[in-house]
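Both complexes shown next keep chain A, but they swap its partner, so chain B is in the first and chain C is in the second.
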Partner chain A sequence: MTASPPQSWRRSATALSLAAPALILMVIFLIGPLVCVILLSLTNYQLGGSTLQLIGLGNYAELAQDPTFQRSLLNTLIYAAIVVPGSVLLGLGAALLIEADSSLRSFYRAVYFLPVMATIIAMAIVWEFMLHPQFGIVNLTLKAIGMQPHDWLHDRTLALFTLCAIGIWQSLGFNMVLFMAGLTSIPSDLYEAAAVDGAHGGLDRFRIVTWPMLGPVTLFVIVITAIRAFQVFDTVAVLTKGGPSKSTEVLLFTMYSEAFSFFRTGYGAAVTVVFLVIVLAFAALKTFFLDRRVHYS
Partner chain B sequence: MNDMRIGPVAWVARHIVLMAGGIFMIAPFAMMVLTSFKPQSEILTADFHLLPERWALIQNYSVASQKGSLLRYMLNGLIVTASIFALQVVTSLPAAYALAKLRFRGRDALFGLVLLCLLVPMHATAIPIYILFYKTGILNTYGALIFPFALSVFGIFLMRQFFMTVPDDLIDAARIDGMRDFGIVWRVMLPTAVPALIAFGIFSVIAHWNDYFWPLIAVGDERLFTPPLGVAFFKENGGGTEYGPLMAAATITILPLVAAFLIAQRRFIEGITFSGMKG
Partner chain C sequence: MPAGIERELAIDGSDQRSVPAVSPAPAERLGEVSLHQIAKAFGATRILRGIDLDISPGEFVTILGPSGCGKSTLLRIIAGLSPQDAGTVTIDGQRVDRRPPSERDIAMVFQSYALYPHLTVAQNIAVPLRMRRLNWLQRLPGFRFLPSGVSALTDEIRHDVDRVARMLHIEHLLDRKPGQLSGGQKQRVALGRAMIRSPRVFLMDEPLSNLDAELRVHMRAEIAELHRRLQTTIIYVTHDQAEAMTMSDRVVVMMDGEILQADPPDVIYNNPAHLRVAQFVGSPRINLFPGSTTRDAINVLGERIPLKTALPANTSVQVAVRPHRISLAKDSAGIAGRLVHSENLGSDLLLHLEVSGCADRIVVRTEASTAAMREIGSTVPLSLPPAAVLIFDMDGRRIAASEAITA
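Moving on to the complex of A and B:
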């Protein structure tokens, strides 16, 4: 079906007018700011200040020397290295156990999914209360069973790991429902075929059918959990503010402090670019390699 | 997997493990709600009881809603999330329709741009948008909370995928009836897209009701605070050790979404799975 030139011209005009609001907003709020943040990272701009000089890679050179930034990058990597395996494995385990039988299935699903829905700022405050050194339920329980209580959020050897635990608690339900979608899409005749071939135990079934079928979903879940883990901010901002002594400083919090507390905008932009490069690497991996391999009907 | 048979030992083991894990998952919610019923004297004590001996429910919730102006924050949250979703529908649907059903020059380039933008996290654009709003005087308004999210590239992507499955005959029939493309978007495509829109709506509302990062940057005026900002503000301004009212505030903050979830559990999980898979 080929349209005559004036007609196709009219079609294009209609289509563009339909897409115009979206295109304009995309330029104002996504493309434009993205270009700006890269340009800003090459300047010494300070919000409210009057000078704006191009300093080339000066901010990046400073970042490389900045102990706070190094700490922040390292902490973010540690956080991701703990939360990703933790919430993926527990999410997978919960999904397998819940789907293994029908009794109380929807009850368990709701319970494990609840933290995903709940405002993390509010729940972080609840965790802080539960982790109160003297009156918190965690330490009271530890004392009751004869173990050592800790100051979970103010001990610099523990604070980051405490935030990891909260991160896992919050995100495992999300991974669980993604795995459940993967499990229900496995054709049941595969299990029957495996049984004919002599696979009887639950472990056999898992090894021969479930795990290979779940492989692509697992990769997908790992990548999106990593992307989310690199974006950790809320719990840090409301519970530790990067402390004690920078032990919970993470990339987005460093970016926030530099750009919006100290108003070192150019420097904050450079931190943003580092953050963006890491997240984009994972996001590109997902879009170009994984999305094609994960199919749900 | 639905008709898998498990033995009695596995049956018991499954419940034990899931119950133990479930207690860990639910404990913060239980602590929050129970503490919001207790007076301060029963909270700051090493002598722990699950239920309060003296109920301070009314007191805690009224302190939270007066000192914390919680109802104001809830109203702001409602205004912001509803406006964002409405704008996202208005801006994304026509674009998604054009990308899915119309042939025009630059369509592939436009879709490429959408895919590219999908990769960008909201945090990356915060500094330039802040400067833009600062220069134009939009900071500290409802607009500052709403405008950056007026378009969802994820919404375009999701709705385009959905529109691709709508048969062309439906559109051709509407054209024969004399309908223009603009009318087709709202009177033919929108009604077919309700399930996808609900999934997208759940995703959008959860994301923006719970968002802390952008509101923290965009508004400093307490009257514009959304629930997460409000509860954090209440904690940092005198409410930090008044655990009863603080837990009441936390309970009220999460209540609308949790209640909606418990009522429409299946819908929520499907919506989140659906958008999680595509996003």
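Moving on to the complex of A and C:
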């Protein structure tokens, strides 16, 4: 079937008009702001200011010298390096345990998923109570079993790791649900074939069937968790405000304080661009490199 | 290819000694399977009701039945993939009820092939050997680069994989992933994975049902040939009577969780023990006429068929005749049917007749030439040769009958 020129023109016009609403919204709400942020990061604009000057890469040059930003970037990387493996492995473990036995399955699923659905700000306040140095349940429990209590949120060496623990607690349930969906889609034939082929016990089964078959899910979970870890903000803002002495300063919190506390919008925009580059790098790594290695065809 | 069989047989025979046997004495690797009173229920539904079956070493047994008759469940019980509620499975004199599948020395081919999608064809076929010859640590990726003797073992495995790949003509596919293979190629890989460690018994669960018709016919011949070459016991589950009839030494017809008959294909076809066996096997379906016994014959729709049974006179029976055994009579004195449809198969003609007194249409298979001029709606007189008539009681059980010598 061959389409005459007017027909094909009409078809592409139809296609364009159908795609247009989504395209326009995408430009207004996604691409437009992104371009604005990138442009802003090249200026010395201050919030509420009436003038602005293009200063080229000046903001980025300052970022490279800024000890707060360096600290912030390092803290974010440490946070991601702990939260990603922690919540992915624990999420996988929880999913495997829950899938292994059908009793109380939906109860466990709901319990683990609760932190995902709860407002993290509200939950952060609960954590604050629990971690209170004097009457928090964590320290009371530690004292009761004869261990050393700590000031979890105000100790410079501990605060970031405390936030990591809360971060793992928060994203574990989401990862678990994704892994459970992945587990149910593994054909039972494969486990049976593995049993006939000589896979004894859970570890063999996991190595030859579960882990490879979960490849696409695992990759997705890792990338999503990494991006969410880089976005950590709520718990920092509520619990530590970047302190004590910048020990929990993270990228988005730096961006927030530069742009909205010190009103240095241009500088804040530069931090945002750095953040976006990191997140995009993850997405690109997944799409262009890793996806091919986990979809076996 | 026939010239190659001898050579490959020799290769196969010499290699078998290097394969470590799971059972203590390799000499006992015969593949004799016996099932005793196997029962299984899912909730209130009884899937298997006391299955007894003895399979001799090297036999090709097909379990044939409609879907839901319990044949796959039975195979899974033999494999050890699901436990039976009652009864015992014995392989070569050893009860294997409590052993996991891997310790029963069986191999299984699944309907879905169940290949590992992340492994290449060669790696897929090698899995059973790696699981047996290498320990947990040695199977770790990269371990073979350490000086541990593992590389010798992996070379040996690779050699065995090549041997099996040659037998199945899939040497050129060894480096591909299952996702890049056609259905027939996947089927061969699944067979290769089953063959690689020379098990005592092959279990095959509808292995050809995902293939297209032409390939199915081809693979049918190939599996039968493979069996002749390997001489390993095969238990093959299918709902396809053509597969059962063409490949097996013995067909076990199962329905509603029971074995109705276990006999060689020709006996199943010519001498069915139960009406349901007669109806399930054979295409077109066997014809059924109502009948009743007289003192020395069977009365079918007014026609006297000289067959003697042990039944008392005036007992209702079901009379079954295969389509190709009904002959067209010359005069219209006896049974006659009205032609409602005819199908030309080229060599043969299928006449669909409505016979008053019969619930279903009667199908007659006849040579095209003899029935060429019959028109739809015309009356076709039939005769039932006594030798072709099978008699069943009203419950479907076969009634022995002998041709009465008439004066």
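Here, the second predicted complex is superposed on the first by the 260 of 297 C-alpha atoms of A that agree within 3 Å, B and C clash if a C-alpha of one lies under 4 Å from a C-alpha of the other, contacts with A are read in each partner's own complex, and residues count from 1 in each chain.
One rule holds for everything that comes next: a residue touches a chain if its C-beta (ideal position, glycine included) is under 8 Å from a C-beta of that chain, and two chains touch if they have at least 3 such contacts.
Source: prediction; values computed, not measured.
Participant: Quick one: classify A:130 as touching chain B (first), chain C (second), both or neither.
Facilitator: Only chain B; A:130 stays clear of chain C.
Participant: Could you look at A:85 and tell me whether it touches chain B, chain C, both or neither (first, second, both, neither)?
Facilitator: neither
Participant: Between chain B and chain C, which makes contact with more of the residues in chain A?
Facilitator: It is B that touches the greater number of chain A residues.
Participant: Examine A:18 and indicate which partner it touches, taking first as chain B and second as chain C; both and neither are also allowed.
Facilitator: first
Participant: Considering only touches as defined above, state whether A:49 meets chain B (first), chain C (second), both or neither.
Facilitator: Touch partners of A:49: none, neither chain B nor chain C.
Participant: On chain A, what residues does chain B touch that chain C touches as well?
Facilitator: In chain A, residues 296 are touched by chain B and also by chain C.
Participant: For chain A, which residues are in contact with chain C within the complex?
Facilitator: Interface residues on the chain A side: 187, 189-190, 192-200, 203-204, 207-209, 212-213, 215, 296-297.
Participant: Mind listing the chain A positions that touch chain B in their complex?
Facilitator: 8, 11-12, 14-16, 18-19, 21-23, 25-26, 28-34, 36-37, 40, 47, 90, 94, 97-104, 106, 108-123, 125-127, 129-130, 134-135, 137, 140, 169, 173-174, 177-178, 180-181, 183-184, 186, 188, 191, 202, 220, 224, 227, 231, 233-234, 237-238, 252, 255-256, 259-260, 265, 268-269, 272, 275-276, 279-280, 283-284, 287, 294, 296
Participant: Sort out for me which residues of chain B touch chain A in the complex.
Facilitator: 1-4, 6, 10-11, 14-15, 17-18, 21-22, 24-29, 31-32, 35, 43-46, 48, 90-92, 94-95, 97-99, 102-107, 110, 113-115, 117-121, 123-132, 134, 147-148, 150-151, 153, 156, 180-182, 185, 206, 209-210, 212-213, 216-217, 227-228, 231-232, 235, 243, 246-247, 249-251, 253-254, 257-258, 261-262, 265, 268-269, 272-273, 276-277, 279
Participant: Once bound in the complex, which stretches of chain C touch chain A?
Facilitator: Those in contact with chain A are residues 76, 79-81, 100-102, 106-108, 110, 112, 114-119, 127-128, 131-132, 136, 139, 177-180, 193.
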